[in-house]
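To keep things simple, chains are lettered A, B, C and D as they appear, and every chain counts its residues starting from 1.
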Amino acid sequence: MNDITLSVAQKALEAAIKKAEELGTKMDIAIVDAGANLKAFVRMDGAWLGSIDIAIRKARTARFFDMETGEIGKLSQPGGPLYHIEHSNGGLITFPGGIPIRNSQGEVIGGIGVSGSTVENDHAVALAGVEAIRSLI
Amino acid sequence: MNDITLSVAQKALEAAIKKAEELGTKMDIAIVDAGANLKAFVRMDGAWLGSIDIAIRKARTARFFDMETGEIGKLSQPGGPLYHIEHSNGGLITFPGGIPIRNSQGEVIGGIGVSGSTVENDHAVALAGVEAIRSLI
Amino acid sequence: MNDITLSVAQKALEAAIKKAEELGTKMDIAIVDAGANLKAFVRMDGAWLGSIDIAIRKARTARFFDMETGEIGKLSQPGGPLYHIEHSNGGLITFPGGIPIRNSQGEVIGGIGVSGSTVENDHAVALAGVEAIRSLI
Amino acid sequence: MNDITLSVAQKALEAAIKKAEELGTKMDIAIVDAGANLKAFVRMDGAWLGSIDIAIRKARTARFFDMETGEIGKLSQPGGPLYHIEHSNGGLITFPGGIPIRNSQGEVIGGIGVSGSTVENDHAVALAGVEAIRSLI
């Protein structure tokens, strides 16, 4: 699979929602395609309004650099090599919760971004989404 | 129901996708809540990339003015009373495909926006989404 | 070929520049990939500064809707079905000069946008770019 | 030469691509003219999508201040004299990878920006581009 399909994206969203419920959290969850364009999005009832944009930016940031958003955030601190990279691309989000989606050949075919709780929970929910579709792509 | 739930939004999306498939079209479909904030979004495989933004703007425009987007477009023509209203709110889309979602008391609790084909098809798919959830809200 | 390569994009740019020179014009020429992301760009010496942005937007607009930009412009006039579609996607350009790039299976794998002269010349230069790579993709 | 020509810009791009290949990296490479306006751009196959914008901003930032981007970054840290200068000009990038292009009289006639790997590699590729055209301008 070269680019994520809607069917696969929806399975990732379902798994992410399930994980969010297990954690007792309310999340905004976004999936982008290989071109970093929005493919699917859901906001769970009661999830933060401000997390709509953050979830989408996390998904896009993860695909922009084929890297988990939290990894970029480690490099963009004051004194770090990528300080203030967040000013590019109309605004990046570089804390955890965004993960690239790779097919079985290791090629990036999209990204998932989650926002609505602690960054640890955001990351866990994103990971649940990615893992649920691993065997399908 | 004062505000659309994710469960209801997903039913609207399913019905809209079904209608889009019946029409042989590929659509971007967005649903916003009572606050005009994105609730759910899907892009069917092969649907136009440029319609991501248009579908979301149609849904928001419909909720912004509690009116079908095509009705606003009739008023925004040269010489019309709302000429160039599209410049407001960061950019409106005022051709058909956006419909407010009303509960059984007639209160607007969200909006749906569809883009990806002719404006007639866009409107038909949005309408299918709205009608599918009428009895639930 | 699912997505345009740099090698192919450069061949399209060369052919477009050659055509621009034959016409005695100075052009800005942009190529985007299947995801509507910039792949390659050149500004001929003396070409308009304002056409940098227009060339890029034409290429993106053509890929956004898999359609020549001039076709969209016919539909976006006052009274037309897509009136003011230009307000979407951060600003579209809907006059001629943008053409989608299709592979031998008819799939869109990118877009070319040209700006710097009359729209007729812009279109002719874009077309020269597309035709030069037809046998390669 | 008062302003970089397309011919010279293309030679810089070729040399930069060659260096990127030697380093085993995939880069986005942008060149701006004396007016800080985009002159030429290439994205190598597989290079990061998020680096399109960063490469262009690095090239512009280098020309905006006639200084290597990394030098500005040293001054923009918390407590530094140019703290948060990145907020100006619609967003600057101030880590290494952007270098002003000077003619034989030492006048700045453009800038190059490279993004796609470590900042050390980005800088090395930008430098290779600048050095390749030194005798021509």
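In the analysis below, a contact is a pair of C-beta atoms (placed from the backbone, for glycine too) under 8 Å apart; a residue touches a chain by one contact, two chains touch by 3 or more.
Here's who's who by UniProt: A, B, C, D = Heme-binding protein.
Nothing here was measured: the structure is a model prediction, and the numbers come from that model.
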Rounded Å distance, subunit C (Heme-binding protein) centre to subunit D (Heme-binding protein) centre (Cα mean): 25
Separation of mean Cα positions, subunit D (Heme-binding protein) and subunit B (Heme-binding protein) [Å, integer]: 43
Mean-CA-position distance for subunit D (Heme-binding protein) and subunit A (Heme-binding protein) (Å): 30
Subunit D (Heme-binding protein) residues counted as touching two or more neighbouring chains: 49
Touch-based graph of the chains, sorted into line, ring, star, complete or other: other
Pairs of chains found to touch, sorted by chain label: A-B, A-C, A-D, B-C, C-D
Residues on subunit A (Heme-binding protein) engaged by subunit D (Heme-binding protein) in the complex (per definition of touch): 35-36, 61, 63-66, 78-79, 81-85, 87-90, 92
Residue ranges of subunit D (Heme-binding protein) touching subunit C (Heme-binding protein) (in the complex, touch as defined): 5-6, 9-10, 33, 35, 37-45, 49, 52
Subunit C (Heme-binding protein) residues within the subunit A (Heme-binding protein) interface of the complex: 2, 33-37
Touching residues on subunit B (Heme-binding protein), where the partner in the complex is subunit C (Heme-binding protein): 48-51, 53-54, 57, 73, 76-78, 86-87, 91-96, 118-119
